[in-house]
Structures are given as structure tokens and as C-alpha cells.
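Shared chain: chain A. Partners: chain B in the first complex, chain C in the second.
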Partner chain A sequence: MELILSLVTKFIIYSIFLISLNNLMIGKSGYWAIGHICFFYIGAVVTGILSVIYHFSASLIYLTFFIAPLISSVIAFLLSVSTSRLKGDFFMFISISIAILCNVAAEYIAGPSGFSGINRPAGLTSDISILSVSIVFFILTIIYVKNFNRHPLNRIYSLTRTSEKSAMSFGINVLRNNVKIFILSSIIASISGILFAFYSTGTDPQRFSLNEAVILFALSIIGGIDSIKGSIIAAIFYVLVIYLLDSLFSGVSDIYATKIASLVFGLILILAIKYKPNGLFGKRKI
Partner chain B sequence: MFLELLKYGFVFGILLSLISLGFSLIYNILKIVDFSHTDRLTIAGYSFYILSFHLNIFYSILISLCITVIFTIFTERFVYSSMREKGTSALMLTSFGFSIVIQSILAILFTSEIKPTNIIEHAISNTGFYLRELILIPVSLLFLGLLTLFLKKSKTGISIRAIISNNERALFYKLPIKRYISIMFGISGLLAGIAGISLSISNGIFPTMGFKYMIFSFAACIIGGLRNLTGVVIISILLGVLIIFSEAYISSLASEGMALGILLLVLILKPNGIFGEKLREI
Partner chain C sequence: MKEIITLSPGFSFSYSGRENYIIQIPKESEPMTIEYGKIYGIQGPNGSGKTTLLNVLNGFLRPTEGYITYYNTKTFNISKRSFKENVTVIKVANFLDGVRRLFQVPILADDISVLDSMLLVKRNKLDERFWNSFNPQKLILRLINRAKESDTEEAKALLKEFNFNDPSVSNSTLSYGQRRLITVLQMIFSDATLLLMDEPFANIHDDYVKKIKILLKLYIKGRNRSIVIIEHDNNNMKDFVDIIWTLIDTNITVKENG
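Take a look at the complex of A and B:
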């Protein structure tokens, strides 16, 4: 029972993150934001800072739901302003380097092994309650994204992806739209980070490294870009694979599980790009 | 202290310029940022580490350089070449995935501990010489000079520059583009191999050792302007000195942050680099 609970909670949290990466960030803006995991990390680390360094009480810790999205939206704003000058590969590198800078800053604040012993907020002390809050956020995110797909703005984004110049010729403010979508997806990603920190009561840097970023990126390609079904199935796949590897190598060594996971997902990324570039449920190619 | 640091910074800058030259050669010919470029350092380091148990130092350096060059060419032939028609984004994601695959294979085979390879340097430094200063700098400068001569004077070099400046016209003149791409990858693998062996001698080896240098060399490439190879070398040496100083006076975390900070500033303020001609639409 406990096992199923933990797996389901992880699945819900990761699918919130994957929806924010896959359906909002990559799906709408069309930018290859490999470093999107930094918003996930910001959510977790800000919660850690408030709880461990500043000793926020169990009811005050709810403030993290305002502070972490605020910080990550500031960073997302800076990132999105850079898109006015940098396209394609250069944006990819900017996004990666912001993720690395976040990792360096977090290592500086929290030390090499991250925070541990984060207080859960009042009323959310049990695993079940964290799960139910996550499910609420999950359903809200899905409803939001589904509504977004029907909104006229979605068509504006799809025009911008095909040709920025033609979008500009219709009088569309491309930069403002980019800023909007970056901030939105960063807020959702940081909320999933907060839930992750509350659930695991710690911020293990291993879970937010660049390796992990590429794994999650590979997952969104496997699921299919801009497909909600794809993101959810990719999240199930990820949680199950990680659980299987962890239980297979639990006695042997810590390294094998994480390294074999990254080997598997790296190979899957290459093979998916080569043989199935639009993923399981996606309509768009890479 | 100051002069010593300056000397180390210069050595590090020369190494960095080898790596970033390889980076910018690959960028120029394929128009991608090759994220697995610095894994060639790791491959060179590990093959040197294994070979140095069995062979004497010069043979092991030679053989591990050969291994690195062959590995690089094989990467291009079997992994990248089939992805080239799918566009640059797909190619870059492939290089990212490939880099993760290589790093995790190395970690599974050799664990992710840091393995020291500084035994040889101690043996030589006891007699009053440093291996790095004595062999590395002349060899690297020689290779830089040879590379310049090769690109400027030889027929292959001129064809390569033709491909770099206009890919489609090179196709029109029936230049064997595939072979030249392999040659470029071989050269960048050789440069990365030299840098990898000397870095592994001084710092030890571990599967993710290339990652840090990827950041630094990419920063040097962008700041120097990707097409301008002289600019890349100059900026690499300056950045190397700066990194060594910040590592000595602040902390090793600060050097990564600083390199990335400068990179972000340059990318936002002057996206074509300091010495670069205009190649991107702003």
C-alpha cells in the first residue's frame, strides 16, 4: 500500500512537471528548453530555504506557494527576454547554462547533499494529504492546458512557431507571448517542485541534475510533443523504470541504478529521434 | 604566488583553447553545438589511464590519442551522420543523449570515483621538470600552428574552408563533403585527446570530468566569435587565466558561475561575440 502511494505521488508530481515542460514550454513556444528543470529545482530549494534556514512554522510555510513561483517567474522572464535575440541552439545553451547556474547557487546555499528535514505544512503532514493536494493541482493543470488548447492564443502560438516574421506581420507581439508562456510554465513547474520537496522532505541534488533534465526532456519527446496523454504515459513509464532499477540494484550499489537509468533514457532519446520523431501520441516532429 | 598562478592560468588557457578550437571546428562544419565533444577528453583520459599500467608513457599517449581520434570519427559516422538530414535541433539533442550514454557507460564500467593519474607527473617533477609545461605547451603550440597552416595552405584545408563558408556551393563543385566532415571530426578529436590526457594527468579522471570544460570552452567559443579561430584562442587563454585566479581566490564553484555569467552577458549584449563577424540575425 505504501509503495503504491509513493509511486502514485511521484507519478502525479512528475506529470505536472512534464505537462508544464511538454505542453506549455516546448509545445506552445517551440523553444527547446532543456534547462526547464531549474524551475522544478527552484520550487524545491526555496521551500528548503524557508523551512530549514529561516525556520518557517508549519502554517507560515504555505508562503512558499507564493515565493517560489515568484522567483522562478523572475528567472523565466529573464530567459524569455533573451529569446528576442537568440534562436535555436543558442537558446538551448542559454537554458542549460541558467539551469547550471541554479545548480551552482543551490549547492552554494544548501551544500552538496541538499536540504533535508523540510517541515511539511500544517494539515498536510501525512502522505495521503500531499497526494490529494497534488491530484488537485494535477487536475487544475490539465483543465488549464485543455482550455488553453481551445483558446485563440493557441493558434497565435502555432503561427509564431511556424514563422515568427509572419506572426509579426499580423501585428502579434511575439516577445510578449513568449514572456507569457515562459512565466506560466515556470510557475507550474515550480509548484511541482514545491510538492516534491514536501513529499520527500528534502532536496536531493541528484534529482535535479542536468542528467535528469535530459531524461525528462527525452520523456517529453517519447510521449509526443504537445500531447497531454503522452506526458502522463511518459511520467508513468519514468516512475516505473526508476522504481524497477532501484529495486533491482538496491543491494548492489547506488551508482548502478541512476547510471543505468540515464543510459536507458539516453539511448531511448537517440532512438526516438531517429525512428519515431513525433513520439507516441504527438503530431509534431522534432 | 601571482606569477605562479599566471603561469598555471596560461597553461590552462592553452588546454582550453585546444578544446574550444575543436568545438568551433565542429560548429562551423555542422552548424551544431556538439555537447558530447568534451566526452572525448574523458575517453582519452580513461584510455590513457588503462594503458599507462601496461605500456610506457609515450606509447600510451600515442595509442590513446589514436583511440580518441577513431572514437570521434566513429561517432560522426554512426551516430551523427544519419541524423544530419533531420535538422540541427535533432542533431544537438542526439549529441546530448550520446554524451549521457557515454558518461553512464563509463560510470558503470569504472565507477564514478576520481581516479588519480598524477603518478607520472610526480615522478618527473622530482627531477625538477613539470610534464605539463615541458611537453604540453610546445606540443599544443605546434598543433595550433599546424592546424593554421593546414587550413590556410593545403588543398584539403581550402576545401574545408569552402564547405564552412558555403555548404551548397561546395556540393555544386562536387567536394566530398562526407570525407571532409570526418577529417574535421578527426582533428577536433585529436585536439580534445591532447587536452584530455594532460588534464587527466593533473586532475585525475572521472566520468563527468568533461562537463566543466564544456561550459568553459563553449563560453570561450561564443565570446570569441564562433567563426574566428584566432579570437577563440585568445579568449580561451584569457578565460583560462581568469578561471585559475577565481579558483584560487574565491572558490571552484565561483569559476563556473563566473564563466557562465560572462557568457550570458556576452550572449545578451553582443550575440556575435567580441571578435566575430555578423552571423546571426539579431
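Take a look at the complex of A and C:
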């Protein structure tokens, strides 16, 4: 029972993150943001800082739901403005280096083994309550994204992805729209990070490494770009495979588990590109 | 005020490193203007800079010498290329419902429907507010789409006239000619003051060309609008255009049609 609870909670939290990555960041702006996990990280680490370093009380810790999204949206704003002229592969390199930078910065702040003993907020002390809050956020995110897809903004973003020049000649402010989508997706990602920190009451650095970033990115492509079903399937996949490998290799070494995980995911990615170039549920080619 | 855009005497443009390939207006001649209610045609051999001239009018390129005036405001006066300036230039040149551009190669987003790409040209500032997408669907639609309902009907009618019977079909299923046709229809459907069209009649069936000409004439009739087209076919030029700009030997010459 406990096992199912933990898997379901992780699945919900990763779904929120993957929706923000797959449906908003990659899906709308067309930026291949591998380093999007840094916003997830910021959410978790800010919660850790407030709780472990500043000793926020159980009721004050609710402030993290404002502070962490605020910080990550400021960072997202700076990033999007400074990288606005980079597209495609070049943006991917910058994105990867940002993910590494975040990892190093967080290791500096939290130490090599991350924060542990993060306070859960008052009223959310049990696992079930964390799960229910996550489900609320999960449903809100899905409603938002579904509305977004029917919204006139969606076609503005499709044209911008196809050709920025054409979008500009239609009077669309490309830079502003990109900044908006960066900020929006970073806020959602940081909320999933906060939930993760509260759930695991710590920030395990292994869950935020570049390795993980690449795996999550690849999984969202396998699921299908800009498809909610695809993001959910990707989250299920991620949680299950990580759990299976962790339990298989728990006696041996953690390092083997992550290495084999990337091997498995790499194999899946190759097969997916060969046989399902649109992803499982996506309409768009990779 | 009759002019939308004025190119000053002495205006010239050349790509860096290719100083002998330039387009220019002689210093002693009259300024070249785009006035309301007229259709302008750009003529010239291949490589004479027709598309480049459109890009300059569109604000994508800045003149090497001289200046362009939009609505009597001097927007830019060349030389230093700072990013900020570049952005403002594009903003001024493409003010909402100001200028719409038809590119030579049709640019359509593949993952939206034909109807959506038609509605894309008539933009409402409210469309770009993010909080709109947080509200329940019906509420927003009632708020912002009250005017849009008639737009949708209008777009469907226009599409039907050109045999697009199913407007919900995706752009990715269209042929090259159909894509061109859709981009031309986008121009007709828009509310823009100035249409810059790069070969609007190429790759389009003759019957449709006739229809499009009539619709474009209607587009500017009695309204503060004008059109600039690039066209190779002299027959199309003769019966459609009011003023012809000819690009020969790097100079632009202006001539009334007829």
C-alpha cells in the first residue's frame, strides 16, 4: 500500500513537471529545453533553504509556494531574454550548461548529499495530504493546458515556431511571447519541485542531475511533443523504470542503477525514433 | 495625410560587401511614396532587388543611406545596428493591423487548421493575455470572441469561395499551390493598411487569379488602404496596378500605369 502511494505521488509530481516541459516549454515555444529541470531544482532547493537553513516554521513554510516560483520566474525571465537569439541546437547547448550550473550551485548550497529533514507545512504532514495537494495542482495544470490549446494564443505560437520572421510580419511580438512561456512553464516546474521536496523531505541530488534531465527530456519526446497523454505516459514510465532498477540493484550500487537506467532509456528512444517518429501520442514530428 | 510610407530622395540599400548591387532613388528625384487607395507594382529582372525592397519596406532591413518615413514619423536613419533599435524598427513597421506581408514561399504553421491560420491575421490584443486561458472555456469565449463569431463565418465564406469546403482540415494536408492560395487569402482577410505581396499570382489557377484581383480591388476601394505587389507577368500588371516601380540598373523609376 505504501509502495503504491509513493509511486502514485511521484508519478503525479513528475507529470506536473513533464507537462510544463513538454506541453508548454517545448510544445509552445519550440525551444529544446533540456535544462528545464533546473526550475524543478530551484523549487526543491529554495524549499530546502527556507526550511533547513532559515528554519521556517510549519505554517510559514507555505511562503515557499510564492518565493520559489518568484525566484524561478526571475531566472526564467533573464534566461529567455539573454538567449532570445539562440534557436535549435545552440539553445540546447546553453540549456545543458544551465542544468549543470544549477546542479553545481545547488551542491554548493546544500552540500553533496542535498538537504535532508525538510519540514512539511502544517496540515500537510501525511503522505496522503501531499498526494491530494499534488493532484489538485495536477488537475489545474491539465485544465490550463487544455484551455491553452483551444485558445487563440495557440495558433500564434504555432506560427512563431514555424517562422519567426513571418510571425513578426504579422505584428506578433516574438520576444515577449517567448518570455511569457518561459516564465509560465518555470513557475509550474518549480511548483512540482516544491511538492517533490515536501514529499521526500529532502533534495536528493541524484534526482536532479543532468542524466535525469536528459532522460526526462527524451521521455517527453517518446510520449509525443505537446500531448498531455504523452506527458502522463512518460511520467508513468519514468517512475516505474526508476523504481524497478532501484529495487533490482539496491544491493549492488546506486551508480549501476542510474547507468543502466540511461541505457534502457536510450534503447527506448532509439526504438521510438525508428518506429514512432511522432512519439506515442504526438501529432508533430520530432 | 495621404502617404503611408515615404522613401526619401537619396535612399539606397545594399548588402554589405556587395556595394555594386544596390537599389537606390536618385538624389535629385522626388521622394517615392505609398499613398492610400493605390496599388503599386514592382517590376524588374531577376536579382534586381525586388524582394529586398519589400524587406526594407517591411522593416526587416534598414536602408544604407537615406530614411524611411512611416506615417510621417521618421523611424530610422541607418548606420549603427543595435539590437534595441532593430526591435523598435520591426515594431513600428509591423504595428498591429499595420502591415501584412506575403512571402514568396508560403509560410503556414503545419499543426493548425486552415481556418485557424485565416483567423491568425485578424488579431485581437486580448488574445495575447495569458490569464484568458485560465478561465473556463465558455466565459472567455463569451468575452473575447463576441466579435470573432462573425470573423469565423466570414473566413469560412471566403474559403468556400475558393473551394476549401472543410476549413477544419490541417495545413499539413495541403499542396504547394493550395498553401500559396491560403496565404493570399490571409492577406485578403486581414485588416491591414498596407499589404506587401511577393508574387501573389504565382502558382495559382487562372480562374482564382481573376477572383483574387477583384477581391483585392474591393479591399482598397474607399478605404485607407493600399497594396504593393511584385509581379513578373505584364498582363497582370497592366489591368491591375495603378503605379509601376521599375528596378533597372540599380535605380527605381516610378511611372503611372496606362
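The definition used in the following text is that the second predicted complex is superposed on the first by the 280 of 286 C-alpha atoms of A that agree within 3 Å, B and C clash if a C-alpha of one lies under 4 Å from a C-alpha of the other, contacts with A are read in each partner's own complex, and residues count from 1 in each chain.
The criterion applied here is as follows: a residue touches a chain if its C-beta (ideal position, glycine included) is under 8 Å from a C-beta of that chain, and two chains touch if they have at least 3 such contacts.
These figures come from a predicted structure and were not determined experimentally.
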{"item": "Chain C versus chain B, contacts on chain A by residue", "value": "B"}
{"item": "Partner chain(s) touched by A:55 [first = chain B, second = chain C, both, neither]", "value": "neither"}
{"item": "First, second, both or neither for A:229, with chain B first and chain C second", "value": "neither"}
{"item": "Chain B versus chain C as contact partner of A:273, first or second or both or neither", "value": "first"}
{"item": "Touching partner for A:107 - first (chain B), second (chain C), both, neither", "value": "first"}
{"item": "First, second, both or neither for A:166, with chain B first and chain C second", "value": "second"}
{"item": "Touching partner for A:94 - first (chain B), second (chain C), both, neither", "value": "first"}
{"item": "Which superposed partner A:211 touches (first chain B, second chain C, both, neither)", "value": "first"}
{"item": "Contact set on chain C toward chain A in their complex", "value": "58, 60, 87, 90-91, 94-101, 103, 107-112, 116-117, 119-121, 123-124, 127-128, 130, 132-137, 140, 144"}
{"item": "In the complex with chain B, residue positions of chain A that touch it", "value": "32, 34, 82, 85-90, 92-94, 97-98, 100-101, 104-105, 107-108, 210-211, 214-215, 217-218, 221, 253, 255-256, 259-260, 262-263, 265-267, 269-270, 273-274, 277, 286"}
{"item": "Interface residues, chain A side, partner chain C - complex", "value": "144, 147-148, 150-156, 158-159, 161-163, 165-166, 168-173, 175, 177, 180, 184, 226, 283-284"}
{"item": "Residue numbers on chain B that touch chain A, as the complex places them", "value": "32-33, 79, 82-83, 86-90, 92-94, 96-101, 103-105, 107-108, 111-112, 211, 215, 218, 222, 253, 256-257, 260-261, 263-264, 267-268, 271, 280-282"}
